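In what comes next, chain A is part of two complexes: it sits with chain B in the first one and with chain C in the second one.
Take a look at the complex of A and B:
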C-alpha cells in the first residue's frame, strides 16, 4: 500500500516525462481529474468519440463470450417455439397449434407424475445432504487425528462423474454378487435379494442414496469453508460465559452459517430438479415410471417417441420452475456475495 | 465447552462411519478392477484375492475377457482421447473469451452489468435438455452432430459460466489502485492488463480451468445426445460396458478407475482453489 501511494505521487510529478498519455478512466475520479486539468491547460476537451469508446469498451470485451453463447440462446427460442407446434420427427411437416401441448401436459397424468418424482427427489436428497453435510463439516472442523486424515479425502466422490458413480453403485447393489447386498445379508439372510432400483418401491430410495453419496461432500465442503471463516470473538465470549455447546451452536454457529447453507442449497436444489444422469444410468426412468422425472420424461418424449414438440414443452415448464427458483435464490446469493468474499 | 471422553469417542465413531460410507465404493471399484472374472462374480464377495491386470489389458490393448465376448468391443482408448480433446478444446475456448469477459465484469461499471453476469450464470442452472433438443435438430442440419467442434461449442455452457464467475472474484481481488498507478505511469490499458493483472490472477485462471475441466470431463447428457459414435467421451463409453450383451464388470471397473484419474490428479493439484470454484466464487476456501 505504501509503495503504491508513493508510486502514485511520483508519477504525478513525472507526468511530463511519461511516454504515453493516460487514458480516461470511468470509475477513477483521480485520473479523470488529472485529464480535465490537463484539458483545461491545453485547451483541448476530451472528445465525444473517446467518451463513446469508454462506454462501449466493456460491452466489446464481453462480446466474444456473448456471441459464443448466443448460439445457445437461439436454440432456446426455437425450442420454445416448437413447444407451440405439433413437431414430430416422424412427420415431414408441422404447424403451429398454440398452447395445445401445454393444455395436454397439464391435463394429463404424466406431467404431474414427473413433477412429483422430481419434487420427492429434491426433498429427500437435498434434505439428507444438508443434514449430513452439516454434521460432517462440524466434525471435520476440529483438529483431531481423524479429521486431519479425512479432510482431503472428502472431495473424492465429487470428482467421479455422476454417471460413473451410478455404475459403481449398480455393481455393488447386485443381488448376485453385490457387496452391499452381502453386508445386508449378514444382518438378515433375506436381504440378499433386496432389489434396490429393480423394484418400483425402492427405486427412489436407491437414486437418492447415490445422490447423497455424490453430493453430500459438496455441501460439507462449503459449510466447512464457512465454519473456518467465522469470526472467533463471539465464540470465545460465549465460552467465557460458560454457554453450553448446544446453545453456542444454535445461537451463534447456525445463524452465521446460514448464507453458506443458502449457497449450497441453491446449487443442490436446482441441480436436483434437473437431475438426469443418476436415474438415467440406473434404470433410464424405470422400473415402470417410478423414476421418470422432468428431464427424463422430456428426453423420452423427444428422443424415443421423436415428439419434439411435447419434449420441448416439458423442458420449457421445467425451465420456468428453475428460473423462478434461481431468480429468488440467486438474488439472495448476490446480497451475501459481497459480505462473504470480504 | 469441556467435552467428556465418551463424547469424543462417540463423535469420532460417527466420523468413521460416515467416511466408511464415502470411501468404500471407491475402494471397492478399485479392488474390482484388479479382480479376475471369477473373483468378481463370487458369493460371498472376496476381499482377499490374487490381483490381476487382465482387465486393464483387455480395455487398453483389446482381447477377449474370458467369456463369450468379442461380439462387442469397447474402444476405451478412443473414448479417452475423445474426452481429452473435447474437454481441453472447450476449456481453451472458454479461457480465450472468458478471461476478458470476467475482467470487464469485475472492473468496469456499466449498464446491465449484473444482468449480463446473471445470464452467464443462468447457463449453469438451465435444464440441459431445453437447449439440447433444438440444438440436436440444428446440429443435424448444419452437420455438426457427432463432431468435436459441435460438442466443444455446446460444452461452453458448462465451462464458460464457471470460468467467468470464478475469475470475476479473482479479478475483484486485484487492487484497483495498483492498476491505476500503472496507468498514471503512462502504460496503456492493455499493457497493464497483460503485464500486471494477468500475472496476479494466474493461479485463479489455472484453478478455474482445472475445475471446468473436471466438469467437462464428467458431463454425460450433452455428449450422449449430440455426440455419435465418432466423438463419444468416456462417460458415455462407460455405459457401453453395462449394455453390452456380456456384462464385462472387470473391464468396466478398470475403465472407471482410469477415467477418474485425470480429474483426481487435477484436483490434488488445485485443492486450494476447489471450494471457491465449486461455489462459483461465492465462498472463498
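Take a look at the complex of A and C:
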C-alpha cells in the first residue's frame, strides 16, 4: 500500500515539474530515448537523482585522466605566466609586463634566426629521413635472406642515446684523429682537414647527417610496418589489370602508405623542432650562432642569462608552432584514413 | 581448341612445418566462350586453381595454356586475363571512375578513349551515377558492380570470377547472378567462375567442375552431374535438398532379387539393368542414392512403395520439404506447395526405379553412372 502511494506521488511530481532536459545533441537524444523508453515500460518516471547520475557519469569516468594532466597543466600554465613577466633569477622580484617579452622577441633578430635554424634543420633532416626511410622500407619488405637479416639490425641506431651518438660522431669527425676524416683523406688529402661542425658553413650539414643516421631507421620501421599491413587484394588486382611495378608504386603503394608517412612525419617534425641534444652536444649552438635553434636559444636565455621569462616566451612560441603543425597533420591523417577505409 | 587448358596441374604450399597439396593433378579444358564453374567446399583447391590461371600463385607442376600460349612463367601482367575478386579489391583512395579506368590507364591509353569506354561500361552495368563517388561510400552490391566494370572495361577474352556473390544479400545475389549470365551472353567471353554454392553453379554454368580435397571429381553439364554423378561426393554436393543415401544388401530368393536397406527399413526389387554390375562386384558393400525430387506421393505404377511417418515438414513456399522416418532411417522428399503434413502422419511414397543411383560404399564410385554412360554409348 505504502509503495503504491509513493509511486503515485512520484509520477505526479514528475508530470508537474517536467524533468530538466539536457541540451540537444546526438548522445543526449540517445540517452533521453532510453530514459523515456524505460519510463514507459516500467510505468514509472526516472528520478532526478538518477538523471543527475547519468549526467555526472562521463565526468567521473574521465576524472583520473584529468588528475594525471595536472602534472602537465600546472607547469605549462606557470611557464605561460612567467613569459608574461620580467622574471629573472638575478632579481629578487618580478612583475607582470603583459606581452612585452613577445614584442621584444618578434622585433629582435635572434628569434627569427633561431626559427630559421630550426626550420632548415627540420626540412633537411626529416626530408632526407623520409626519402631514405621509404627506400629502405621498400627494400626490406621482401622475404629474401638479406632482408630477413637486416630487418632486426635496423633498430640499432635507435638504441643509442642521441647525445652519446653525437659525441661518438664528434670524435670520428675530428680533424686530428677522426676516422671519417682519415678515410676522406684517402680520396683527397685536403679532406683530412674537413672542419665539419667546426665551420659555420658545414655545421648544419653535420648535425643533419647525425640526425639522419639516428632517426632514418625509425621512419623505415614505421613504413615497413605500414607496408606489411596494406591489404593485398588491390595489389593483386592491379597486377592482373596489367599495371607495371612503377605504376603500382605510384598510384597504389604511395597513396596507401601516405597515412603511415604522415604519422612518421608528425613524430619526426615535432622531435626536430624541439631538437636539443645533437646540436648542443656538438657545438652548444655554435660556431657563432649557426646552430642556435629555438630550444638552444631558450636554454641559453634561461640558464646562461638566467632570464626565465624570455626563455619561457621562446618555449611557448615553440609550443604554438608544434601545436599548429601537429593539428594540421593529424587532421590530414584522419582524412586519409577515412578515405582509405572501405 | 580450348581457350584455357590445365594439364596435370599441381599446387603444393610449403611452409616450415607442413606441406599442403592444394591442387592435385588437375586436368581441365575450358573452351572458348564457355561459362565454367569451379565448384567445391571451402579448401578444395578451387581458388588456388583460379589464382594459378591468373598468375597470382606459382604452378608447382603441370602446364597452363591460355589460347596457344603456355603461361606458366608469365607474370599476371602478361597473361591478359581479367579477374573479379571476392573482396572486390577496389582502390579505396581513387574514385569509382578512376577505379574502373585503372586497367586502361595502366596500359597508357589516352584519356578521351578511356572516358568513352568508361561511359559504355558504366551504362552497361547501370552505375553511371556512381562514378564520382569513393568506394567507401558504396554498398557491397555497388562495389561488386564496380569490380565487374573494372574487369569488363578491358574487354577481356578470359574473365575469372572468384566467389563474386558471396558477400551479397540474397535478393542482390539473384539479381547480380542474372546480370553476370547476361553479360556472358552479350560479350561472348570465356568465364571461369569459382563458387561454393551449387545453386549459383547450376544457374550460371555451361559446365561445372566439381572439386573436393584438391582433386577434380567430375566435369559436366548440370544434367550430367545430377543424373550421372561420378561418385558419392558429387551426388551429395549437387542437388537441393541433398540426396538420400541408404546402405543396402542384396537378398536373393527364388522369385526375385531385392535390395534391402541394411536396418530393414524398406526393400526394393533390384532393377534389372544393375544385374550385370552386381555379378562382377561380389563382396562389395553397396549404397543407393535417391534424390528428393525423384520420390513422389503418387503411385505412377512404380513398384516400390515405402511407408513412413512424417518427422519434419518444412513449408518453404514454392515447394515443401518432407522428411519421413522410415524404420531406422530418414527419407527427405520434395512435395508441392499444396500439400501439407503433420508430424506423425503416416505417408506412403513411391520411388522412381530409373532414377536411383548405386554406389560402392568403399570407393564411393557411382556404379550406376558408369553403366548409364556405357549404355548411352552403345
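The rule we apply is simple: the second predicted complex is superposed on the first by the 258 of 342 C-alpha atoms of A that agree within 3 Å, B and C clash if a C-alpha of one lies under 4 Å from a C-alpha of the other, contacts with A are read in each partner's own complex, and residues count from 1 in each chain.
The rule is short, and it goes like this: a residue touches a chain if its C-beta (ideal position, glycine included) is under 8 Å from a C-beta of that chain, and two chains touch if they have at least 3 such contacts.
Being a predicted model, the structure only gives us computed values, none of them experimental.
S.K.: Using the superposition on chain A described above, determine whether A:239 touches chain B (first), chain C (second), both, or neither.
M.R.: Touch partners of A:239: chain B and chain C.
S.K.: Could you figure out whether chain B or chain C reaches more residues of chain A?
M.R.: B
S.K.: Quick one: classify A:147 as touching chain B (first), chain C (second), both or neither.
M.R.: Only chain B is touched by A:147; chain C is not.
S.K.: So, A:247: does it touch chain B (first), chain C (second), both, or neither?
M.R.: In the superposed model, A:247 contacts chain C only, not chain B.
S.K.: Report for A:255: first if it touches chain B alone, second if chain C alone, otherwise both or neither.
M.R.: Touch partner of A:255: chain C, not chain B.
S.K.: After overlaying the two complexes on chain A, where does the chain B footprint on chain A coincide with the chain C footprint?
M.R.: After superposing on chain A, chain A residues 239, 336, 340-341 contact both chain B and chain C.
S.K.: Which part of chain A faces chain C closely enough to touch in the complex?
M.R.: By the definition above, chain A touches chain C via 231, 233-234, 236-244, 247, 251-252, 255-256, 336, 338-342.
S.K.: Could you please specify the touching residues of chain C with respect to chain A in the complex?
M.R.: It comes out as residues 54-56, 75-77, 79-83, 85, 87-94, 102-103, 105-107, 134-136, 143, 150, 154.
S.K.: Under the stated contact criterion, what part of chain B meets chain A in this complex?
M.R.: Residues 1, 3, 8, 11-12, 14-16, 18-19, 21-23, 25-26, 28-29, 32, 40-45, 93, 96-98, 100-101, 103-105, 107-110, 113-114, 116, 118, 120-123, 125-131, 133-138, 153-154, 156-157, 160, 164, 169, 172, 175-178, 180-181, 183-189, 214, 217-221, 225, 235, 238-239, 241-242, 249, 252-253, 256, 259-260, 263-264, 267, 271, 274-275, 278-279, 281-285 of chain B touch chain A in their complex.
S.K.: For the complex, give me every residue of chain A touching chain B.
M.R.: 1, 4, 7-8, 11-12, 15, 18-23, 25-28, 30-31, 34, 55, 57-59, 61-62, 64-66, 68-69, 71-72, 75-76, 78-79, 82, 132, 135-136, 139-140, 144, 146-147, 150, 152-165, 167-172, 176-179, 182, 213, 216-218, 221-222, 225-226, 229, 239, 245, 248, 260, 263-264, 267, 270, 273-274, 276-277, 280-281, 294-295, 298-299, 302-303, 308, 311-312, 315-316, 318-319, 322-323, 326, 330, 333-334, 336-337, 340-341
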